[in-house]
Structures are given as C-alpha cells and as structure tokens.
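Quick one: the structure is below, and I'll ask about it shortly.
Letters are used for the chains, namely A, B, C and D, taken in the order the chains are written, and counting of residues starts over at 1 for each.
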Amino acid sequence: MMGVELYQNKVTDISWCPGCGNFGILKLLKETFHELNIKPEELVMVSGIGQAAKTPHYLRCHFFNGLHGRALPAATAIKAANPTLTVIAESGDGDMYGEGGNHFIHAIRRNPNITNIVHNNMVYGLTKGQASPTSERGFKTPVQLYGVANEPFNPIAVALALDASFVARAYVGDATQTKAILKQAITHRGYALVDILQPCVTFNKHNTYQWFREHTYYLEDDYDPTDRVAAFARALETERLPLGVFYIHPKATFEDHLSMTDGQNEPLFRKEPDLAKLTELLRTKQ
Amino acid sequence: MGKNESVSIVLCGEAGQGIQTIEAFLIRLFKAAGYPVFATKEYMSRIRGGSNSTEIRVSSRPVAAYVDRIDLLIPLDADALSHLERRITSNTIILGEAAKIKPPEHRPVIDIPFSRIAAEIGNPIYANSVAGGVVAGLFGLDLALVTEEIEGFFGVKSPDIIQKNKEAAVKGFHLGKELRETGRVVFEIRPEAAVSDDIIVSGSEAVALGALAGGCNFVAAYPMSPGTGVLTILAQHAREFAIVAEQAEDEISAVNMALGAWYAGARAMVTTSGGGFALMTEGISLAGMIESPLVVHVAQRPGPATGLPTRTEQADLDLVLYAGHGEFPRIILAPGNLSEAFYVAQKAFQLADEYQVPVFVLTDQFLVDTYYNVPRFALDRVSIKPQIVETTQDYRRYVLAPDGISPRGIPGYGTGLVGVDSDEHDEAGHLTEDLELRVRMQQKRMRKLEAIRKAADRPKLMGNEDYQTLVVGWGSSMEVIKEALAEIDRPELAGLHFTWVYPPAPEAIHYLRQAERIIMVENNSTGQFVKLLHAEFGVAVDHRILKYNGLPFSVEELVREIVTILTEE
Amino acid sequence: MGKNESVSIVLCGEAGQGIQTIEAFLIRLFKAAGYPVFATKEYMSRIRGGSNSTEIRVSSRPVAAYVDRIDLLIPLDADALSHLERRITSNTIILGEAAKIKPPEHRPVIDIPFSRIAAEIGNPIYANSVAGGVVAGLFGLDLALVTEEIEGFFGVKSPDIIQKNKEAAVKGFHLGKELRETGRVVFEIRPEAAVSDDIIVSGSEAVALGALAGGCNFVAAYPMSPGTGVLTILAQHAREFAIVAEQAEDEISAVNMALGAWYAGARAMVTTSGGGFALMTEGISLAGMIESPLVVHVAQRPGPATGLPTRTEQADLDLVLYAGHGEFPRIILAPGNLSEAFYVAQKAFQLADEYQVPVFVLTDQFLVDTYYNVPRFALDRVSIKPQIVETTQDYRRYVLAPDGISPRGIPGYGTGLVGVDSDEHDEAGHLTEDLELRVRMQQKRMRKLEAIRKAADRPKLMGNEDYQTLVVGWGSSMEVIKEALAEIDRPELAGLHFTWVYPPAPEAIHYLRQAERIIMVENNSTGQFVKLLHAEFGVAVDHRILKYNGLPFSVEELVREIVTILTEE
Amino acid sequence: MMGVELYQNKVTDISWCPGCGNFGILKLLKETFHELNIKPEELVMVSGIGQAAKTPHYLRCHFFNGLHGRALPAATAIKAANPTLTVIAESGDGDMYGEGGNHFIHAIRRNPNITNIVHNNMVYGLTKGQASPTSERGFKTPVQLYGVANEPFNPIAVALALDASFVARAYVGDATQTKAILKQAITHRGYALVDILQPCVTFNKHNTYQWFREHTYYLEDDYDPTDRVAAFARALETERLPLGVFYIHPKATFEDHLSMTDGQNEPLFRKEPDLAKLTELLRTKQ
C-alpha cells in the first residue's frame, strides 16, 4: 500500500449521510497523515460516541472508540503509557464540550502532547438533532422548540482562558487551509485543539456550507498567535468566525512532567517491574 | 485473650493533637521490643477537633482485630472520657493530665503532666514523646531501645529536635518505670512470636505494595476517603518505580485513563470509595465491552451518598457485583487481613490481565487504616508475566476464542493494528450490526466467567473440620471472626472466610453443605453476601450478625452474638 | 394467529426513505377503518442508509407482539430482500418496484412502479402515498376513507401537496384493488373489536403522557436512545403544561437537577438508557440518603457500553436494582404493554412521593418504539395528591417516623426550614457522627421497604388457573408471551407477568408454588429476573428462554421454544 | 431573633480548623443576608462536599447539602422550581472547578438567577491537602510530591470566556469589600460568580493570609466592568491578583426562558396538573 490508501480501511459501508461534512474531514485526515508520514502502526485515534466519533472506524490505524465524552482521559493515558505513539482524540461538539466538558478543561491544563479534533456541527447528529453546546441562540430543534436559550459554548475562548498550548479553528469546506492547520496541530508539541466547523446536512439546516462560507474568514497573515488577550478578542467575534491558528504557547507537556526516573520516552510496557527495588522498599518497613 | 496475652492501649483526643505520631512511634517501639502489635483507629470527618481514638494492641501472639476492652487509656483532651464512656471499665487504667482531661469523680486518673514536662524541655509538642516514654516504662521496655527508636523515628529532623524528643521520652520513661516499680501499673506480657523479620504496614500500604508487586505502573484516582491512601503511597513511590500516578479531575476521568493505559500496554489501577466508584460504573461497563483488564480498589465506607466518610462498612458488594449496564464477567476479591491485602492486590493484576476483565479489590476503612506486623511479603507467589502478544499484520483483537480469551495486542508492539470499540463489534473491533455476531461476541465474553470460576480460590476454613456450625464472613472481618472463634473455643464451631468473593469457587458448596447451621457476619444492614451465597449455592443462612454503625466488629461483641445464637437453641 | 385474524405487513428500506411516513399513515388508516393495528420497528444506529424495517400487524382482535411471519412485504431498496431473507417464505407476498429491488429468480415480486407513478404526478416523494394507496386497495378499504385520511395526515401542508398525495393514493388504491379483484392478492380479514374510541400511541408517548398524568412538571435529561423520546415528547408539551423540560449537559447534571427540583416542590423525572443511567448512580444513592422522591425512566438497549444503540434488551435490571452505593429502598416497575406504560409512569410519581424513594420505570427499545391502539387512558385511576406538608417553625425533615416516612416539607411552604444532607444526619438534616443515630436513621430508611412491599401490585396471571407449567416474564414481554400461550393453547399452561418487579408482592409466591414447572422468558443473556425470583422467593426456575441478539421475542419463536420444552419431557 | 442572629444555627460545633478562612466567609454571609434583608425562610443554600461545603450547616436557612461537585445542577433546578427563593450555590474550589467542572461551564451558559460562591483555598481541604485545580504550579502535596505541574485553573478567565453574567473575585481577609461584592452578586439578576480567596491554614502553607495580602489588589474605581476583553486581560494577571467585580453582563435568565405559559414566577408546587388539557391531548391521539 502507498500514499493515502495506506489509511484506507476495509470497512466500506460508511454510515454518514451523503453530503455530510464528516467525509471531508476523513479525507483531509488521510492526506495529512500521509503528508506527515505518520505510519498507521504509530497512530492511535481515540474517540467517543457520535457521528464524528465513528471516524476511526473508517481509517486504517489503531483505535480506541470508547465512551461518549470520554476520549480525552483515555487519549491522555495512552500517550502517557506510550509516548512514542501519535495520539489524536477526535469527536463531536456534544461529546467533547457537553458530556466531556470537564475532561476538556482538565486535559488542557495537563497539556499532554496530543491533538484534539472536534467536528463542530453545532448539533447532536447521532441522537437526531438536539442542540449541542455550540448551537447558536435561537436554533430550533425537537427538544429546543422555541430555540436554544443558552449562551453558546465558545471553545476557542475557553481554551484560551485555560492557556491551551495550541488553539485553532478550521472549516472543512476549505481543504487546503484545514490541512495546513491539522499539520501544524499534529506536529505541535503539546495539547492542540482544532475545532473544525462541519455542516450537518440532515439536522442543522441553519449552519450550512453556504452559511459557513459567508460567516467565516481567515486571521490575517500578520496575526500574532502569541498574544493571548488579542486572541481572546478575536475568539469573541461571532458575526464572522475567524479561522486559523489563534494561539500557540509552547510549554512542558504532561509526559515531560511525569515522575519517571529515566526521563526517557520508553513505553511503559517495555519496563520490567523492579522487584529488587520493591524488596528494598519492603525491607524499610521492617 | 487475657491481659497477659494482649494489652489494649487506647489514645484519644482531637484531630490535630498528634495521636497518629504517638501511635506510629509506639507501634515501632513495641515491634522493636519483639512484640506483635496491632493498631486501628476511628476518627471523625474533620481536620481539627472532634474526638478520635486509636487502639494499639500489644500481644504475645499476633492479633489483628479490634477489641472493645481498654486496658490502658491515654486521654488527650476533655472529651476523650465521655467519647469512650462505654468502653471504660473499672479495669481500665487511665493515665493523663488530670487538669486537661477533667475526669469525673468516679474515674480515678493517674496524673502525668505531659505538657508541663514538655514545656520544661522547651516546647509543648514534645508531650507526645513524653507519653511514648511513659508507656515504654510501664511495659518495662529497655531504655536504650527507646532512645534508639526515637532516633530512627525522627531521623530526618534536626539533631536538636531529636535530642529534645529523646529527653522527653527519657523523662516519660522514668515516670512509667516508677509506676511499674511501685506496682501501681503493671503489664506482664511477654512476646511469644518472633516478629523481628516481620514488616509493619497499613492496609493502604499493603494494597499499594501488592499493586507494585503485580506490576502496576499506572494509577489514576480522584481523592476520596478511605481510598486515597493507596494513591498517596503509590504517588510517593512514583519516581522510584517509574510509574504514572495521576490525580484525575474526577472519577470518570480516572477510570477512562486507566482503560486507556491498559490499552497502550500499561498495568493500571484506580482507587476510590463507593461514591466515587458509582461514577465509574459506565467505565466498568466499557471495560466489559472492550475486554480490557482493569484493577479497581474500592475502600468501602458507610453510605448511602456521602454517609460517614471516615467510618467503615461492607455495603458496596452489591454495587461492585452489578456495576455497569449490560452483562459481562468480573472478579471480586476482598482481603481478610493485611497479608491477604498484599497478595490479593498483586494477584488482581495477574487475573485482570489473564482474563481481560475488571478485577475488584474490595476493602474498607477498617482494613486500610489498620497497621500491624506481618511476615515480609514474598515476591514470588504470583508471577508477573504480562499477557500481551506481539501482533502480526493480520491481528484481530476479538478473535472468537474457544475459552473467550482473545490474545491481547497493544499498539506499538508488533506489526498489527489494535482496535477496540464500545459498540458491539466484529473480530477486528469495528462496530457491527450483525446480530448473529452480536450473540457470538456476547457468548464469548460470558465464557470467560466459566474459566474464571474454575480458577477461583476456595474459601478458607478456620478451625475444626468436624464443625456443625459455620460462621461465614468475607473481606475484612476474617481476623475478628478468627479471634472470636478462638475465644469461644467450641469443637462444633468453625469459620469459613471468603477472600475470593465472586465468582465463588464451586467447591465452597461442600463446606456450606456440611454445616447444620450457618451464621453470617457482615458489616452492613441487608446481608449482601447472604444473598450472594443463596444465589450461587442455593444455601440459606440461619443467622445473620449485621453491624452498620460505622465501626468494625469487636471481638467481644462477636463472641457475645455467636454465643447467644449457640445458646438460644 | 392465522392470516384471517392478523396480517403482517413489513416495510423495509434505508433510513431516510420515509418508511416512518408510510407506517404512520397506514396505522392511522387501518385504525380509521376499524382495525386493531400494531407497529414495531427495528433499525440501525445511523441517520441515512442501512437496512431498517417496520412491521405493521392489522388484526381482527388487538395484538401487541412481534411476529416473524411476513404476509405482505414492501421492500423499498435493493438490500431489503437480503436483510429479511430469513423471514420471507413462499407465502410472503412481495410487492414493489422490481427494477429497484432487484429480486432474485426464486422470489416472485408483484411489480408496482411506485416511483414512476409518483414522478408522473410531479415528484418521487409521492411514492409513499402510492404505496399506502396500494395497501388500502389490497385490503378492500373504502376509497373515501383513504382520501379523507390523506387529508388529515398531511393537514398542515399546502393544498397542492395534499391534492398530489391524494392523487397518488388513489392511483395506488386502484392498483391494489385490481390485484385484489383479480384474486392475485387477497387479504380477508375483518375487525372484531371496536377501536374507534381507542387512541394510538407509542411507548414513549405512553410513558410521557403517564408522567403528565402523574403530575410531572420537571424533566431533565441528556439525549440517549431509546430514552430520548420521552424527553422530546415532554419538551413538545412543555409550554402547554407549564412544565420545565431541560436538556442537561450530562446525565449527572440531569439527576441532580431532578433531585433539586423535588426538593423545591416540583415533581421531576429523568429519562435515559443504561449507559446514561450508569452515570446517575451516585445521584440515586443521594436520593436514597436525602429520601427524595425521584422518577427514573430507563429505556434499555443491549450493552455492555455503547452496545447496540437502537436495539432492545432487558439486561439492566440488575443495574437498577443495585445502583448506588450503600443500602436504601427503591421501587422498580416494568410495564408489559402501552396501557401499562401509561399507568405505571403515572403511578411512579405517586409512589415516589409517598415513600420518598427513587422509582424506576424500566422499559426497553421494543416497548418505547412500538405503536398501537389502546383504550383511551383513564385519568382517575391514580390520584395526584402531592405528599408535601406545610412546615411549622419546629419542622424537622427527618423525624424518626414509625413507618420510616417523615413528612416532607419544601422550602417556601410554611414557616419551617427544610434541610437535607448527603452525609448521615440528624432529624433536622444536619450532619452527625452520632453512630447510634446513624443506626436509627438507617433503620428508618430501610423500614420504608417493608411498607412498599405491602403495597406492591401482584403479578398478573394470564390463562388457566389450574396450570401446572408457568411461563414467567417481566416488562415488555407480556404481550408476546400472552399471544404465544394463546397460540399453544394448552390447559396446563399459564403465564405470570411481573410489572411491579421490585420489591415483588409477597403473594407472588402462591402462583410460583403452584407451578410444577417454571419457564422464564427474558431478553438477556444471564437470566436476571431468575436471580431475583430465587433471591426473593427461593424459587428455582426450570427452564430459561433467553434472547440477546438485540431483537424482541417473536410469537413464533416463543411458541417453538415453549413447545420444545413441553415435549422434551 | 433579630439581626445577624437570625442566621445563627443551633449547631455550635463547627468542624473547621481554628484560624481557617471559612469562618470569615461564614460571618460575612450572615451580615450580608441581614443587610440585604433576605429571610432564612426565603434562602436556600446549596452545597457539595468539602470543608467549604459544610457552610450551610452553620447557618439558619434552608439547605440542600448534596454530592461533591453537584451543587450547581441542584441549585439551578431549585431556582427553576421556585423562582421566589434566593438560591446560593456554595462550595470549595475542588468541588466547583474539579469534580463539578462541567456543571460550572454549563450553569454559566444557562444563566440561572443564582449566586455561585467558591471558597478558593487552592487545595483540597477535607481530603487532607491534595492539589486542587487552582493550586499554583510547584505547590507540593502528599500526592503532588514534586509540585503541581498543571496549568492552574483560572475561574475568572473561564467565566469570562463563557460570558458569565457577573464575575467577581474577593479575598476573605478584607471584610468590607468582600461584603460589598457579595451584596452586588446576590442582588445581580442572573448567574453571579464570586471566587473568594480563602486561606487554608492547615494544608496550604503557601497561600497564607499574608501571601494573599501581598498578592492581591483591587481593580480601580474607574475600571469598566462591561468590557469583556479588558476584563480578560486583568483576569490573566497572576503576579498580583486583582480583586473586585471583573465583569457584568445583564441578560435574560434561565427562568426567563423556561417554557412557561404564564410567564409568572409562580413556584411549580403551586401549580395544579392540568387534567383538562391532558384529556384534550389524549383526544388528539384518537
């Protein structure tokens, strides 16, 4: 196998709706992995539950498709247990910002060297169209009959408030730039958030391809992604959503901090339990 | 046990008064002097104030149970005497600062001005060393041993502090010796068992050390009494053993981290108590579905909800037995004493790895908070051979193996790809809606339970083989039942203790059938293990001795209750 | 039931093809024509594509069970025939667009060009109305009724759309009529039961309406199939009934909201499925401790973990039975059909309020996703009298009442103060470490279980009172057992159905004892209710019919399995 | 009873350590309630588990002392079920920002008219001194032996990112100003966060009374609490922590949005179930 095919799974029956933005993300991921030369054997996709969370099933790589909302703790631990792997936590907006909201906060604080990709379609797809945390005010659904009343969750602003190491927003409709952002995120050392705007053609008739085209633009070329306050100001823009890398703050990762004696990236499974040390420890209890 | 075989010393005072320090010192000291020693505490859920007490049993032969009796009471504050009211008898010697503890008329107290002596030395904090010295003197220990142990105990402190503490202990020692020599207080007890090769550990330590011996190299937990101790101890040794010890943002994160860690080749555990465990139950179901090994330490405390955070109970058996939606196998182990706590924790890792199921180590506040001497743990009783396989290109995680156990690969070891999925899945781990495959997968998962059942350890018979009446217990009550039975000492009476709680070994039925009468002992209000025995063996229990006030059984009350049942007839 | 008493029509195609529309229309139409009608669906966990099917049973007398048999099959895509392969027999009439469904040689299909006809009318979407018309024609219904129902069905659409759909239905009707008149396809079935006063509801609707009838005015939930329907329906009526219907950020929030709501005087419920419920279990324990009423709807689906999200199972009984740490009473109700779903949901609120315990309404995907006609629900069978008291200044929430039920006050009603606490508490709700009080509080809480047990509804006997063999079921299997027993029709055979699952009525023992042989029917792999019966009544089950492929029992397979057991002897 | 005594509970055995900052908060609360003339019968204190969470037991009022981390959902529902009550959700930093992090996020989005008081002692008190989400980097504990490595949780910045309706920080050592802030928060219509810096004299030997005195200052008198971006910039200051009201954004509350027909503040328990309407609804199913 060569090229993008390397990431092509045998599973052919993809359960997404025709026209769904998820297809675009899937395609871009394959290309990104290929171009970054990340081998399927080195790649672990971790996901929760939802339409977006099915993505790992349509790729050829290792995968851990766990519980709704719980991808980040699993991904953090996988990376800690074997820092030689490339670990990507990928799920939908409901999964990551709703059910998984607490892990989102604290994973950012921990700063594991993983990439967090969120398919943000501003709706709960798999459960048939209820509001998600990112749904806009007024968005009507079978449960929110009179429109969403809650303040929409702004993942970019929250990630900035938590001083996330890398914060970006992309729009799946723009393949070139999205791929560039994904590459930057995956190669970034530390936690990297990529919130990808993704139309749900079935349940979100408001935030369509066209809507996203009309309501997004790119941060300027001379935009400074190290200024956290300026980034916050941009994150608050809602008339038209800025795309691109909002913020980069390189810092020590979770794995760096782990209490390892050796300071090596040696996977845990390669380390033998140290019975000599344990014997020593037991002796001190005498 | 009579006073010549076992002396019960109780220290009582407010949180923050340093009871723990005297306790730790005395345990060390008595053990150094050659005595088997046991300590258990009961305390309130507060950081300062309140009334807490520690019982230290100094014995001729090893004991590991709580007794009501107090031979020597050292109250440290005014509330201590009323707090222990019901346990104080005319035989209880009370020794303390009369001015501080305000004893009532009818309670003669041997007045020892700990604080004044300490103040003379330079600081009231030396009072604890004075008290330690007094006890040493009362028991006729060797003064050189006392000063030596003070040195060891305060080893990391400045020489001046060590010196002052020594001075305090010596002063106390002479006061104690005087009481002894004048015959006012005499403890005539001689050690009969060799303890010098023993180690002294707490229940939390035993579990944590057992985990290390089981190859544990990843622990994720959210603090919750009484489960926190295991996290703390592992964290303290994290660098030394190159393990990951992470405080999670909540229990849900902890369990999902542990599952991620196993998936990537680590050997992971979580530690918590009932309430925190309740939050992990979805994760337990995930372990069932992805067939991940997992070790879960649940240290029980009384519920429901927040309940009594610092007390003990055995009321989460039903919970761990049925936690998680859907149906999948699991193993529940509940150690009966600190040696078992070590070996059970060690074995939990091996079993989890071998059968790819969640394994519960079910303890309680009583067990994790007791300290005593036990034979040094052997490190060769269970082998640590990780059950992972090197994958090949055609590797499939969920091969429909005849015994249900599909070889477990991990990412990064071999050329294959490893996929796991919380949905029903095919052999490669991809989600499926093939309903026939679903049935085969469910059967495959459940088949493991039969393999596990065959491997289950039998319950332990304690006492005469020709019993007619069987006193059955599980988990932390083993030693108190053992001591109570020894006390009652009747040939028709024996004990049966389950450490391997679920699935119970099929052979257990023989023990149960032989009994004409079964008495069940449980620290809960509904008799959860009674139900389990009934469900598994169709055996009816004749009498239930249940306790659920947050305290462990005492030897005396168990003796009383059992004898009442025996004589009722 | 023979073809003259019940016809099974199956529609099969991809998600998104509009099967639901034809289904809804046909149900309406047949009911209007005077037939009892029943519909059940099985579908994949996806929004578009895949293979889904709906079975509609048109009968002379009410039925409410799934049958394997397909009398009339309307495949809508090429995969339909292979998807239903095993249910198609030589008696199955297949009717559809041959070009689209590509039938194999040996499967003759009556070719009806739905799409072409629809296209002629102006839009392929009218194909569904053509199909509806064909079926009406085949059954010899009245054409006027058909057009009338089209009007009612598309009532809110534009006149042009209604007109086009009518046209489509009429065209279809004539094609169907022709088939009937030429004798190619004839269904001779006449309604024998009056249905015009009946209502048609789904299981989700029955539960939601029952909740409203129980005075529910607060629902908090996080979406999860198949529990979401109840949230959606209540949300749709929220304004009308002035109730709060809130989508929570997660299930933990949902259950804690519901408890807060009850505390403040609302009547609250949560709705979810096993995985979401697992996250609520700490909250259930809180309900136990603060003695809060709570209604929990758990719609079961196959696990463990994510399992099969859109399929059915009865494997969360153990979970709801033991959810939550510590020990406290609870009630579990599992409706057997849609009428029961309504009354059970209604009663759940009354019971929760009366006993101050969590009450579970345990359904499953099969139950919540079926539709059929049932007698209009009576609104007077359970009275809605909230059990709150107006507080006085000396009010204490946890008065140690003899029956365990302390009068429940709420803040803002009366002059007293209402305090509740997740710790062990005193009568005023303040946290306590008084261990004797703890025991009395625990006993008080557990006393309620005895009161509840006395109030429990007995199981329902279905069939002959002189039975020797008893087929026992619980929850959603009631109707399929009933129909299977009627089919087998043997005097020594009867059914016993538990709707009040826990604590079971003590009188149930009489029914069980009378049976020489007990056959248990459960949609799970371990026989969870078998265990419950054994634990509660010491009764052993002789045969277990278990199914866990994600589908409900069919009448035929239950008949087959029961007859096999009967003849095995 | 009169004055502050009105809020004085019969419980006299307070289980906090002598010198703990919690005593100050308790005292200020009583005074605040008194000065705002909020009757005990109208007041519901909702708390989780922890030392801070015991506060309601030492007050005379209604209380719901629920689960660790779960005060906010309960408080939100209590207010929704009876909007005539004054509802205060009060707990520690571990409770609100750790275990309860997801509810913190989403309660802010919902904007119920409640006050959220957090006793921020930067440590887990009740469980004996582990790091909390707000513990500073390098803070050593029995579990974080080599010092906290995670980015500290900045509640002010996160609340701003979520556009909380009212955001303030106080320091218990300054009674006058803290009381003023509490009054403003409680009378604010909508969700109001008051993060109160509180020394834990037993387990946090770093963030002492003195440390807080030296590391805090008040926002200027002419500070504009309506400028979200400026507030964010101030929230990021860590050398010296600004005190005061960072941000006020009045907006419709959760209760305002609730799908009530009457639009009244009528408590749910006063509303009879409408059986006539239900009969009508059932008829439509015929």
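Just so we're on the same page, a residue touches a chain if its C-beta (ideal position, glycine included) is under 8 Å from a C-beta of that chain, and two chains touch if they have at least 3 such contacts.
This structure is a prediction, so every number in the text was calculated from the model and none was measured.
A count of contacting C-beta pairs for A-C and for C-D identifies C-D as the more extensively joined pair.
Matched by residue number, over half of the contacts between the chains of A-B recur in the interface of C-D, chosen from B-D, C-D or A-C. Averaging C-alpha coordinates per chain places the centre of subunit A 31 Å away from that of subunit D.
Centroid to centroid, with C-alpha atoms defining each point, subunit B and subunit C lie 45 Å apart.
Measuring from the averaged C-alpha position of subunit A to that of subunit C gives a distance of 37 Å.
Note: centroid distance subunit C to subunit D, computed from Cα atoms, is 41 Å. Residue positions 49, 67, 98-99, 101-102, 105-106, 133, 145-146, 259 of subunit D each touch two or more of the other chains.
Listed for subunit B are residues 44-45, 50, 235, 238-239, 245, 249-250, 252, 275, 282, 286, 290, 305-306, 309, 421-423, each touching two or more other chains.
Those residues of subunit C lying in contact with subunit D across their complex are 196-201, 205, 209, 212-213, 215, 217-218, 220, 235, 237-246, 248-250, 252-254, 256-261, 263-268, 282-283, 286, 290, 376-377, 379, 384, 386, 388, 410-413, 415, 417-423, 429-431. On subunit D, the positions that touch subunit C within their shared complex are 9, 11, 40-42, 44, 46, 49, 54, 56-57, 60-67, 70, 72-82, 84-85, 102-103, 105-106, 258-262, 267-269, 271, 273-275, 277-279, 281-283, 285-286.
Contacts from subunit D toward subunit A in the complex involve residues 98-99, 101-102, 105-106, 108-111, 133, 145-146, 149-154, 157-158, 160-163, 228-229, 232-233, 235-236, 251-252, 254, 257, 259. Residues 16, 44-50, 222-225, 228, 231-232, 235-236, 238-239, 245, 247, 249-250, 275, 305-306, 309 of subunit B touch subunit D in their complex. Against subunit C, the residues of subunit B that register as touching in their complex are 44-45, 50, 252, 273-275, 277-279, 281-282, 284-286, 288-290, 302-309, 311, 313, 315-316, 318-319, 321-328, 421-424, 433, 435-436, 438-439, 442-443, 445-446, 524-526, 531, 534-535, 538, 540, 548-551.
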